[in-house]
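Here come two complexes built around chain A, the first alongside chain B, the second alongside chain C.
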Partner chain A sequence: MPGDVRFVERPEAESSYVRAISQGLGITVRHFLRPDKPTQQYPDEKWELAPRWRGTHRMAVHEDGRAKCVGCGLCPTVCPVNCIKLIPAEDENGERYAAVYEIDEFRCIFCGFCQEVCPVEAIHLGVHYENAEYTRERWVYDLARLCENDHPVTALWDPADPSSE
Partner chain B sequence: MSDAANQITLTIDGVDVKVEAGTTVLQAAERAGIVVPHYCYHPGIPSRPAQCRMCLVEIEGQPKLQPSCVFPAGDGMVVHTASETAETARKSVIEFLLLNHPLDCPICDAAGQCMLQDYAFETGQLRSRYAEAKLVLGRDRVADDILYFGDRCIICTRCVRFMEDIAGDNALVVAQRGHKAYIDTFPGKDLDHAFRGNIVDVCPVGALVHEDFVFKARAWDMDSSAGICPGCSTGCNIDINVKENRIVRTKPRLNPDVNSYWMCDHGRRCLVATNLRERAEAPMIRAAGELEPASWNESIEWVAERLVSGPGVSVVSAGLSNETLFYSHLLLEWLGIAGGAFRVETGEEIELKGFPKLKLRAERAPNGKGAELLGFRRTDSLPEVPDGATLVALGDGLEGAPAEYGANAGFFLYIGSHLPAAAHNATAILPATTVPEMEGTFVNFEGRVQRFHRALRPPGVARPAWMFLSRLLERLGAGQGVLDIRAAFAAMAAETPGLQDLTWGGLGLRGALLNGDGQPAVAAGEGAAWKR
Partner chain C sequence: MEAISGTAFVVATIVKTLVFFVILLLGVALTTYMERKVAGFMQDRSGPNRVGPLGILQVMADGLKFILKEEVTPEAAHKRFFLLAPVLALFPATVLFGVIPLGSPLPTPWGRVDMIVADVPIGFLYVLGIASLAVYGVVMAGWSSNSKYSFLGGLRGSAQMISYEIGLAMSLVPVLMLAGNVEMPVLVSMQQSFAAGPGTYGVWFIFPLLLSGFFFLVSGLAETNRVPFDLPEAEAEIVGGYHTEYSSMKFGMFFLGEYFHLITTGALISVFFLGGWDIPFWRGDNIRVLADGTVIGDPAWWKTLLTMGAFTVKTTLLVVFFMFIRWTIPRFRYDQLMDLGWKVFLPALMLYIMLTAVAVFVLDRAQIVGPAFAGALFGLNLLLMLIFLYLLDRGRLVRGATAKTRAATATEGD
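Right, the complex of A and B next:
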């Protein structure tokens, strides 16, 4: 047999698992008997999210339903993961608008830079997290879908103290 | 450089700088590496109205601030460009300019390369003290293809003075006065000068925008590479701006020996147009009756096995680079096809009055002189193809050829970047890159050899023609295959009279004149950085 194998005898009190098991069960029983129940009946009950929660994007729209985006190209420039695709164009009034605007929510890291950099407060992160889909393609949100989203928008900073972190 | 007696020394911000008498303070400061902000002054436009008041500097002994763009430098002068008085004056000018400026940088095409944005940022005034409503002038069209955004304009009058001093056509004027002033065409006149596109380049802000470019790309989205305009035999030095592998804009690149700060509108259009039409993307061989795509190895082998020396005709192009023409000539020599020829499109010659050397020349191809130097001659028409002869079409787009052109040839080798109808009669098609997709050299009308750099990725497996032609020649046992443009240039220079003393690296960004025929070879340095 290669090498020396030593067998160490430990006292029964140390090696027994009975004590650890009862300790663990003790925790279980304590929680079982708790008066407040932390388990939540999702999706019937939903979490209350913080106002600064950074989730699914949302595009602000004008009263007539047009997106507020002017296609300036700052969000694709600032985006650290290149998840925004923007092709600007000229509309019939000679105004600049986003002919193509797509956000890949799969690639997005929800840093909020796009919202911070937007000069017309058009693109926002949202206080929203439920975006399961059957296909990967559905995770690329186009402009129409971003405009349709109506969840609350993220407050990136405390409105009472905007210069603080 | 003139003699020492003509030299004066002055001190600018503590830096001693020696310049020739007659230099302005602003130019002297530039020499010392100090940028004095300015709008109305443009080094290429002779008139200096000193009206923007941006370049005011403090000069010791002068009672007031002086506009450095017109104030001549004097011996022993002490200049402060960044003293408190000068800075305050500059801040006030910026504040005035921004009174009615819409601050629409997010949608302005000049953002990122705007002098107003840069200097406003530098002086650091984040808030305007102007509480009244801004004057709105809206937008106008000063030419068929140039838009004017009146709100953004700072009335530096560079565009007006370009048209007056350089183009010699007083088509633009400043209409109205004071804060209501705007740029307009002279009543009853149209801005239709062939060099009008330059007013967009001289505009220090985003007031003048080319319609083809409006909202196309942000300044920071574009890559820029140094090219040569293929529009005519002048060979203007240009910057090719590329976004996502498409040319979105071409701008003149400063070369005092060729085009100064300018280029014509024909040149601006012709490169952007190369984005279009059906491209040859893979080698094709007619192995079993039909043209089928094949690999490069396979095609070169296949072509080399079938090419035979014998009767034949050829057509090349004055749009090809020197290196390509050199290897084309070797191939035609091997084939025994004498006297390759090229067709050149011609058009009206248009002058630029303020810079007479620069013209839109009648010969609308960049390298006619180079093709002649490398042993080709001009022709007016496509050669007749005798039945069963070898036909080599190299770089010529076969414009005006009937659809069945070349169908009766024994072997029709088509080498080109695009696929006209007649190219489908070819026995083999070898896909070449267009000029912006490769490196190379052209020889312009006066014999200046100029280098151009690659701006685009070629489509498919298209390669520079000199590269695969040299490989084909190696396979035919008539040369050495090269993969490097330096080696291709060296091989050509060694065998071509006029090019012998030139090297690829030595051409730099400003090019060099051909030696021989009485012209000395000019050692060329790197071109000066492009300045507005």
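Right, the complex of A and C next:
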């Protein structure tokens, strides 16, 4: 026999095909008769998300429908992956607003810094996750889409209530 | 009541053929669904449940998918045989169903209709003959694909099926000894519960021929190429097996063939060992048709329906049992498979046949008949079963590769 063949000792006298089969059948039958399945019927049943779940962004709006964003530029600055594009502008009353505000949800890592840094509580992360799209372009959310989103906003961590209870 | 004859016979046979075939096709479709459901439940999943109520329409979706998929025929394939193979895989299991008695005779205004498509006098010899043809589908598919993987799968399949046909046929020899007849309806009438009179035993053959039933069950599993005997298919070694090159509905036919085989094997076991359409613990369905045409017992349409139901239940339970086996037991290695067939089953069956013959002879001489005869044989079978399982247990007969290799090395003197 070529080379060194190492024989693995198998407990042949102790292991038994017949008994192993019976035991195996016992296990499968027990599972077969188990009424509760851990499977979650996903589109019908959904996870209850935590209030601090960080998902799809939404922009808070004034009562007249304008975005609350004042174009201060803090969120693109703080964003670690550079996924926010903001071009600020000023209207005739001297109020600043975002002329262009886009978030690339593909690049976003959902750290939530933009929400934390926003001085007017305009941009928020949302308790929401189902955002599949057919094209990559659709993943770049413009201001109108961000304003349209109406899912609950992510709760920020509260130092007074560290475990969020 | 007279058996149906003339034009009415032809009409009845055509109707029976159509009805039974449709029932069988529906059964096969539902079996594929059931397999996925059973597998799911055993693995704590829910199985298909999106298409239709409880996912029952999954069957239609699967069928539609098979038909709509692109059909690819390999350039180098032997076209004629490549086309023929799926047909041959499907055909034996289908025609086998024709000789299986499905229920008690149905009385009609035109005469008695036996619930069997073809009551062939050669009975289960026909079954064995046709079952042997199943191997052609496998070997032809493997060869005509002109692919080495398919070919290896085909070879494995044919070797396995031929080996276990011996077990299948030999495990029916004790049945023949007890019945003295190969006709399927006669086999059923002999097993009817509490039936008295000459040529009856009053119990299902599983009791007096327990070991025979066990061998038939295992050989039947091997014949259907299902786990733990699914060596013809092996993703890891030979890509897919004999149907690697098949696509679309041609693959679907192999797939359906497996389930046809499954149902037919279940039905055969019910007929040979579980009393066929007999309803246990009930004398009302003890309807026998003697060779000269006289009918014992009184047939009725509702009895026909009940007995067909009983037969369906038995077959379904066996099919579910096969599924449990499939999703529980890991497969054999190929040499173990061959060892089990040739070195364990063949000698064990020969010995068993001899012992049964002696027992039948002795019991006949002692003039023990009917249930007492069956009881005595049952005792003998229990004993033999225990001895067989004891020997099979703990690696006494089927051994691991380690022991074998070590033995071989020792003889080489190294």
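In the analysis below, the second predicted complex is superposed on the first by the 122 of 165 C-alpha atoms of A that agree within 3 Å, B and C clash if a C-alpha of one lies under 4 Å from a C-alpha of the other, contacts with A are read in each partner's own complex, and residues count from 1 in each chain.
Methods note: a residue touches a chain if its C-beta (ideal position, glycine included) is under 8 Å from a C-beta of that chain, and two chains touch if they have at least 3 such contacts.
Being a predicted model, the structure only gives us computed values, none of them experimental.
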Touching partner for A:Val120 - first (chain B), second (chain C), both, neither: first
Touching partner for A:Thr39 - first (chain B), second (chain C), both, neither: second
Which of chain B and chain C A:Arg136 touches, first, second, both or neither: neither
Partner chain in contact with A:Arg6 - chain B first, chain C second, else both or neither: neither
Touched partner set for A:Val18, first chain B, second chain C, both or neither: second
Chain A residues touched by each partner, larger count belonging to chain B or chain C: C
First (chain B), second (chain C), both or neither touched by A:Thr77: first
First, second, both or neither for A:Glu90, with chain B first and chain C second: first
Residue ranges of chain C touching chain A (in the complex, touch as defined): 38, 41-46, 49, 324-325, 327-329, 389, 392-395, 398-400, 402-403, 405-406, 409, 412, 414
Chain C partner contacts - residues on chain A that touch it in the complex: 1, 5, 7-10, 12-19, 21, 24-25, 27-29, 31-32, 34, 37-39, 41
Of chain A, residues touching chain B in the complex: 70-74, 77, 88-90, 94-96, 119-120
In the complex with chain A, residue positions of chain B that touch it: 105-107, 139, 214-216, 218, 220-221
